[in-house]
């Protein structure tokens, strides 16, 4: 059946009161194939579903009638100030859902003083995105919120280094290197005008044709030259910015990243998009937290859809969280306005949850907010 | 699609034989937005669902062929006599579903000799409601059933005190102070003619407009002047009536309330309407009961829809239960007649359950009625 | 919507290959209200559902390649020979679904050499039913299968005794006294021509009208003269037949029945029709078996729909099982032919299961057929 | 409703990217009764469902950034080389879904260098199938992949022996004897032209008509002459090929098979088709592996639908896996091309999973790839 995407709204309807509302609404604002690409997960989507269900299994123990004077959601991470412990996760190709692309998203993030992680697979140049963020902050007389760059290690180190240097030059304040999707197969055909502009000058890996019954990925350059921990060590040497390792599931990998000098880790199963059968992101967190034991801060990516989800992640050891798909939902529904409103909803829900839990500071949120009382 | 609410029925159809039947039927007797407002819970409604599912997980061990002579559901609570351990929970704005409002409900409660807790957010004056209850009891030559007043602490103590004094003067027999919804955001627009008449003379808290990216609730008068435990201590001093604290989830809060002089506690998660992620009401009860250890009686609010639910709550430590949404379902379906019939169904089911369990007195219902035998 | 019941089939269609098929088919062969009455359970039907789900949770460990020569399903219970450890449970009013009523069912049971328990609430006289069973067995030159009479204790002992004496005189070989539905409220209106003919001469208990808000069942003759264990002791004295107590859930009640002289017990929650919240029948069985410790044989009633269900019940301590609703499904679909075929399916499934489990005798089926191996 | 099966496709549509896609598509490419026959399981299909759900409950712990150079899926089993640890399970009557039948499937397997187990109930002669496989391998200049013959023991040993000798003569490299479906009842009527051509010359067991109420299978030749462990011992003596025992659930039976000289075991519940209530295949595996303790290799059959399923089976002790129904799905959808593509998808998914898990050899896959870390 044909599907004509509706244009972005220019005002926020009264019935958009949660991130789930945005998700339901977004389906009308993008081509069906794009919707399926964004919504889907790997395999039978067990990990995708568990990313949400695992949050629903966690329960909260409120603290009534606490004094809430001076309560705040501000927090500091790697020396950088965040209005709330929430960042926009790196998400590829924002222009799939809105012509304004990542620049539009960056303006919304700046307006809400929310940190943003720009993807290697952005559909606009990392320099343009940074400029948009700075301009929006300046216009609103805001302090600029943290802007980080996410790096997919390129087959050639020189290409990786080129991206790092551009990010440093453009004023990005941290480098987020993704370790969990180094070998994968793309299936979604990008529509005309949507491209990975930041890496389009690099030659793509030729897929060496192999025998009919032979290996499919094994033995190809994609696999043979896949990045390893040595590349992380090299990157740590090269990069002047704080280095954040994204895609941590295994506590073994967490320790290895810390030993190689990572400044922070992002616990993530890539939104259930890479390998079906991985545990839910929030279920990974406590095990990684136990292993890392406070050596570096942890961030949580995967399944965050509400203020109580944020609180649960903080309770289990995260210093902050990232939201992925909801950016695209909100961007598709109402562009800058949508993304800003989505972030507003999250923050309002976080404040309400903190009020109910009697927490006036991010730092005091720990396992004591979880039910049953231990 | 347009939705025209059907008027209340004047006789009870034969197929209304359970509270679930009333719920299914009620949707036709109110505007759709009202239905959604009443039926909904916070967030993704996990707590709302668990309030029911947790009851379904509890199993009963019957006792066959017990002698049932002289069996009764009567019970005494805070020195007040109840025909059965069931009260009508405080529920806002009865006029949303029936023009007779709380007065209609109060007449039904009086007819069924059932205790009622009138909400601060009643759509009729607390004096009128008390008069209706008294008149109905007198007409039927019934003893008057307990009538309690539920208090939302007001930003100004003088306003809270005014409500307390009015309740005392109007003959209410206990004060129920709610501690679990002190900070929340209203979203439902009341239709014309439905108002919180008991507090409409008090100025509402001006929402100080804050910066676009700044805090949303934090720093506003709503949060800065939110009530604290000190207000409970003050209220205890001011109030001559038994003081009941409603909205207890945390055993810590339960103990604090007892130490401040509460005469009873109502275990409740506000029907899943305040913070999604709270445990099911019936799952909270045994932990609070263990902590309180009999110092004061406990009541259970949340998810009660049948006689076996009542028995399960009593088995786990409650002295009585409250029913919330079913009041509005029954009031919408058939006014006074509906509420009285709904209470009749509950009581008949309670008697049947007690008969199957071999219990002839409310006081003997304890964990021995639960399966598996310990 | 109007519903015209289809007449019973006169041949068995090829797609009726399980008891579940009969259940699906039966809905077309009876009025909708009758279907709902038969299918329904008490309350929210949790117990009804669990009666099935609990079987599905039990797993089997097969034994391959066993020698199956001379395998048989025959078993002996209370000195009576059964072709298989399956009986027809007492079910009220067979004429609700077929004009041939209990006599039709009895002929099918006789044809399949299957024991039958005739209900006090049969819609034909117990004498006629016994005669039909005997005539069918004689015509087929079968040994007569066990025929038992189920007794609901009547408000007057003389009436109970009259039923016992009639059953003895009519050749019934055991008395099954039901203890779990002594206090209940009937809601289903019997259609014309369907009556409890065996007790219609006894005066029914007048429901004393009580005050509007007063007790509903408590204090009425129904409750005040409800049978007690003393009546079981009395019955044991009066009755010359083996006495079987049906409706055992609590191990306490099981022991009491044994101490009062019961010859066997039927573990049952009355098909989930009496009190919602009771444990699944098959989950009750092992606890009762542990308590009774072999003093008397146990039968299991509730949720049996296949040969593997029978095996699971035997593994957990039952000597035989009873099937309830499937009788009515099969009787409605195809009368005598349907009931006989339904019993044929059950027996074929039992044989297949025994073959897979390497069991050639009913008596060797024990917990070793359950997975995981202990 | 009439159902006209679509002919096999001649190219693979872009939206067929998983075995689940093939399953969904296959329904259009075969008569409805055939679809139901293939898709269905025994009883209420609990075992069928659990075969899948049990895989979904198992979680993986990835290992990021491992060096993947030289990675391969090759493995050796019973001295035979497999391109990947995946074989086509024995499945009856391929001509039900494609006129090319088992020969078509065998050509696809040869093209993908995938082992195939030909069923006793093949719809083409075992010699023709072997010839097709050899010819296809020769044409592609492939080494021939392992070709095994599955044996249902026949009522007469001479008939079994005839099949064994034919399989040996035709170049089959192992004999797979099935022990879990020796007693069953066929219900599906084969369409014209689809026959068990390899055994059609053997007389079928006459079903001795028994009394109406007597035993159904017990006492018939089918049961009385069902194969036993003695037949396995005999077969071990007669057969020069490696002997693999298929249908192992019980650890007791596993040990017995090993003691009688089985060279390998296939853990299987026959795809949930024989006895409902058996545990999921993947749940059986670790218990059998523990008992067998490495004496012989184990294969896993049942529920494999993706590369992560293969990895999970290997992690729990399997040396290789078999896929059953997906062969028929793919054969129906696109004949040789479909089966080859289905195998290609499985292998690509296996390589991706191994890459994510940091495994470059089949032999290193063990419990350390499972979450949570022990």
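Here the chain labels run A, B, C and D in written order, and each chain numbers its own residues starting at 1.
What we mean here is this: a residue touches a chain if its C-beta (ideal position, glycine included) is under 8 Å from a C-beta of that chain, and two chains touch if they have at least 3 such contacts.
Here is each chain with its UniProt name: A, B, C, D = FMN hydroxy acid dehydrogenase domain-containing protein.
Not measured: the values here are computed from a predicted model.
Asker: Chains shared as neighbours by chain A and chain B?
Answerer: none
Asker: What is the Cα-based rotation angle between copies chain C and chain D, on a 0 to 180° scale and rounded to a multiple of 5?
Answerer: Answer in degrees: 90, to the nearest 5.
Asker: I want to confirm something about chain A and chain D. Since they are copies of the same sequence, is their interface symmetric in residue numbering (over half shared, so same) or not (under half, so different)?
Answerer: Copies use mostly different positions to touch.
Asker: How many angstrom between the C-alpha centroids of chain D and chain A?
Answerer: Here the centre of chain D sits 42 Å away from the centre of chain A.
Asker: Hey, how far is the Cα centre of chain A from the one of chain C, in Å?
Answerer: 60
Asker: Check each residue of chain D and list the ones that touch at least two other chains.
Answerer: Not one residue of chain D touches more than one other chain, so the list is empty.
Asker: Based on the touch definition given at the start, go ahead and assign the chain network to line, ring, star, complete or other.
Answerer: Graph shape here is a ring: one loop, exactly two partners per chain.
Asker: So in the complex, the part of chain C that touches chain D is made up of which residues?
Answerer: That would be residues 17-18, 20, 56, 58-73, 83, 111-114, 140, 142, 305-306, 308, 312, 340, 344, 347-349, 351-356, 371-373 of chain C.
Asker: Give the list of chain D residues in touch with chain C in this complex.
Answerer: Per the touch definition, chain D meets chain C at residues 43-44, 46, 179-180, 182-185, 187, 212-219, 223-224, 226-229, 231-232, 247-253, 274-279, 287.
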